[in-house]
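First chain A sits with chain B, and in the next complex the same chain sits with chain C.
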Partner chain A sequence: MEHAIEIQSLRKEYPGFTLKDVSFALPHGAIMGLIGPNGAGKTTVIKLILNIVRRTAGEVKVFGLDSIGDEEEVKSRTGFVLDETPFYGYLKVKGAASVIARFYKTWDEARFEKLCREFDLPRRKRVNALSRGMKMKLALAVALSHGAELILLDEPTSGLDPVFRRELLERLSGLIQDGRTSVLFSTHITSDLERVADYITCLRDGELVFSATRDEILENWAIVKGPPELLDGEAGTLFRSVSRGPYGFTALTADKDKAERFLAGQGAVIERLRLDDLVFFLGQEGRQREEAARE
Partner chain B sequence: MLKILRLEYLFTRKQILIVLPMFSAYFAYMASQIDSPRVFIIATSLMVGLSMPLTILAREDKFKTASLVCSLPVRRSTVVLGKFAATWITIGIGLGYALLFTAVLPFAKVAVSEILSAKTLLISLFLVSLVFAVILPFTLRFGLTGIIILLVACQLLGIVVLLLTHFGGGARNPMRGLLRAIVGGLKTLLYHEPTAGFLLALLAAVVALIALSFLVGLALYGRRDL
Partner chain C sequence: MSRPAVALFKKDMRIMRVLWAPMAFSYGVFLFMFMENIWIYLATAACLTFVAAATAPGIDDRYGTDPLFAALPATRRDLVKGRYLAWAAVTAAGLALFLAYTVLLHAGFGERSPRLGTLLSLKGAAAFLAGALLTGLIFLPFHFRLGFWRGVWWFTGAGFVLSVAALNAAARLVPAEACVLPPASALPRAFASTARGLRALAWLIDRYAERPSIVAAAAAGIAVLVCLSYRLSVRFYKKRDL
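Moving on to the complex of A and B:
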């Protein structure tokens, strides 16, 4: 099956940070959430797909095309919202959009106007005078006005009020209904993903932790709480990101069924996981590893 | 490339209108003070060769829009080519304006007819290319901050060279030798007979400089992370 995005062993080396051979794929007509603690490499992945940072190694295919070799074709079919919303600030909203519009053969001015009205974007205001949320709305309106088949969003919901955030998520869900549009978005607000994402990819310290369907993750991962003696012996191998307290431990497990079988009748409690918890525990695990490496 | 040129046109036309009065005042003053066509052409070329490329090449860094432009459906090489072409167009306009303006100034000490010769224009082009050849790759790679550092470093280097020339002792001072060589080269450029061979060599040097600078700029911008 051809994917909207196929990433193979993608590597990017910066001084002090390396994105380490990340691989995942986003099927057509799906929404994928990119999660992970700060500095995990989420923005780097999006920038690598857009080819605004150069990869050290690996392969990025968008619609089956190479993101560097077929750069123009790939980008003409991709809409994007970057974290910094880099528009020419001294232009008015209408002017800023018209500068960009000329680069897309499929630009739909009527659609842009409609989105501006729906987003309450003041078209005669200078971009510099817009709030962060409004700039984000402008970037979204631009990204959605040229019939893009892939939408890349870097922290699109940050700076947006809860009402518009929900509207945006509904809009994204609506977009993929045609079966050809796909969405990849990074976010810290994991509740947004629980609402709309079909797939979730998690990064930590530049490494891929997992990339799977949301349902698989919520079914397989869980939080385990139990007495400290469970950590010794074979059961201990089921746990990740263990935090010990005076009366027991809390940990993450990636195999809920096995944990349930193994821990039955041993005083452990297995709780349903939320994506928020997952990011927290994986972040904690990363810090624990760093501390262990220092020691 | 036309899309990039159009983008540059949209942004540059306003800037040109803003800068035009200052530019005119500068050339009016220069034309009223300088009577040597050679000095005039050097000063004009350096001014145009420095200001025009900086205006266009550093815009994306100034407004932090490089990542926006490079996310649009356009190749990086096209972005560089577009900026390169736009810069040369504005250099042409800048030089043309400076010469025409000087021609119509009643108090200009230098006659435009003395400047409008194949040799003078080629020398002017050579000097502009020389400045642009340094600025293009440097600005593309290191951005606005980089070019400011380069200009400040050049000034500091000039001060150091002057100090070494004065306090380095005696006629055997290597700095003096270096300065004499530069002045000699410039004199040869300015006073050489405008033979066909000399003009062709100058033209070849201009083309080589432009091509080299463009290729280096292209390679550097291609590797830049935005």
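Moving on to the complex of A and C:
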């Protein structure tokens, strides 16, 4: 099956940070959420797909095309919102969009005008006078005004009020209904992903932790709470990111079925996982590893 | 010319538009101030044109828009091409403004500055273009390699060292009597050799600038420099993380 995005062993080395051979794929017509603690490499992945930064190694294919070799073709079919919203502050909304519009053969001015109305964007106001949320709306309107088949969004919901956030998520869900548009977005607000994402990819310290469907993750991963003696037995191998308290432990498991079989009748409680729990526990696991490495 | 290069060129023109009137005004004021010495007059015009052309990358740096344009449907080569095009357009506009102001000043203040008329010639235009283009062609690779402000600092530092070296070399190329400083000159020794270099450069230009072979060699030199500067800029920008 041809994917909207196919990333193979993608590597980027910075002084002090390395994105380590990340691989994942986003099928056509799906929404993928990119999650992970701060500094995990989410923005780097999006920048690498857009060639804003240069990869050290690996391969990025978008619509089956190489993102460097077929750069112009790939980018003309891609819409994006970056973590910063870099528009010329002294231009009016319309002017700021017009300098970008010239780059797209398929720019649809009528659609941009319609989106501005829907987003309550004042077209005659200067960009400097817009709030962060309104600038984000402008970036979204630009990203959605040229019939892109792939939308890349870096923290698009930050700075948005809850009403517009929900509207945006519904809009993203609506976009993929045609079966050809795909969305990859990074976020810290994991409740957004539970609402709309079909796939979730998690990064930590530049490494891929998992990339799977949302349902697989919510079915397989769980939180386990139990007495401390359970940690010493064979069941201990099932746990990750263990935090010990005076009366027991809390941990993460990536194999809920197996944990249920092993722990039956041993006083353990297995709870359904939410995505923000997952980010929290994986972040904690990263810190534990760092501390262990230092010792 | 590719569509994205033209789009970037138009973008540069659009974002600079707001500064055209103040630039044209300050251009006139500075030229008026220095009209009594045509060498300083010429250098001021070339410097102001450089500043005007550098405004677009400066604005991009101020608003952090480089990553935005790198993510649009354009290759880095297109973006470099567009910027060179914009630079050429601003230089051409600077030349037009330079000639227009020179005509005005010559008409109004010809008695105070009789040599101003000599700039209203092919030689004058060529001298202006050589200065304005040379600075731009050296600055742009620094800009694409290091970003705007770091590029400006490196360009200034490297430009200063290269100029001093070139002027000192020029002083050795001409007869000693052609670059003698006035007896009243109280310049420190390090500056005196550079000042002699400036006089030597002026002597060389006066003596050789109108020879066809020299003009052809200078034109060829500028063409080679355009090629080299553009290739370096593309190479640097392709490798740069934004």
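Following the convention adopted for this analysis, the second predicted complex is superposed on the first by the 295 of 295 C-alpha atoms of A that agree within 3 Å, B and C clash if a C-alpha of one lies under 4 Å from a C-alpha of the other, contacts with A are read in each partner's own complex, and residues count from 1 in each chain.
In this section, a residue touches a chain if its C-beta (ideal position, glycine included) is under 8 Å from a C-beta of that chain, and two chains touch if they have at least 3 such contacts.
The model shown is predicted, which means the values in this text are computed figures rather than measured ones.
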Which superposed partner A:99 touches (first chain B, second chain C, both, neither): both
Contacts of A:75 with chain B and chain C, given as first, second, both or neither: both
Which superposed partner A:51 touches (first chain B, second chain C, both, neither): both
Which of chain B and chain C A:86 touches, first, second, both or neither: both
Chain B versus chain C as contact partner of A:230, first or second or both or neither: neither
Shared chain A contacts, counted only where both chain B and chain C touch the same residue: 47, 50-54, 71-73, 75-76, 80, 82, 84, 86-90, 99-100, 102-104
Chain A contact footprint on chain B (complex, rising order): 3, 6-7, 10-11, 63-68, 70-76, 222-226
Chain A-facing residues of chain C, complex: 3-4, 6-7, 10-11, 14-15, 18, 59, 63-65, 67-68, 70-75, 78, 238-242
Footprint of chain B on chain A - complex, ascending: 14, 47, 50-54, 71-76, 80, 82, 84, 86-90, 99-100, 102-104
Of all residues in chain A, those that touch chain C in their complex: 47, 50-54, 71-73, 75-76, 80, 82, 84, 86-91, 95, 98-100, 102-105
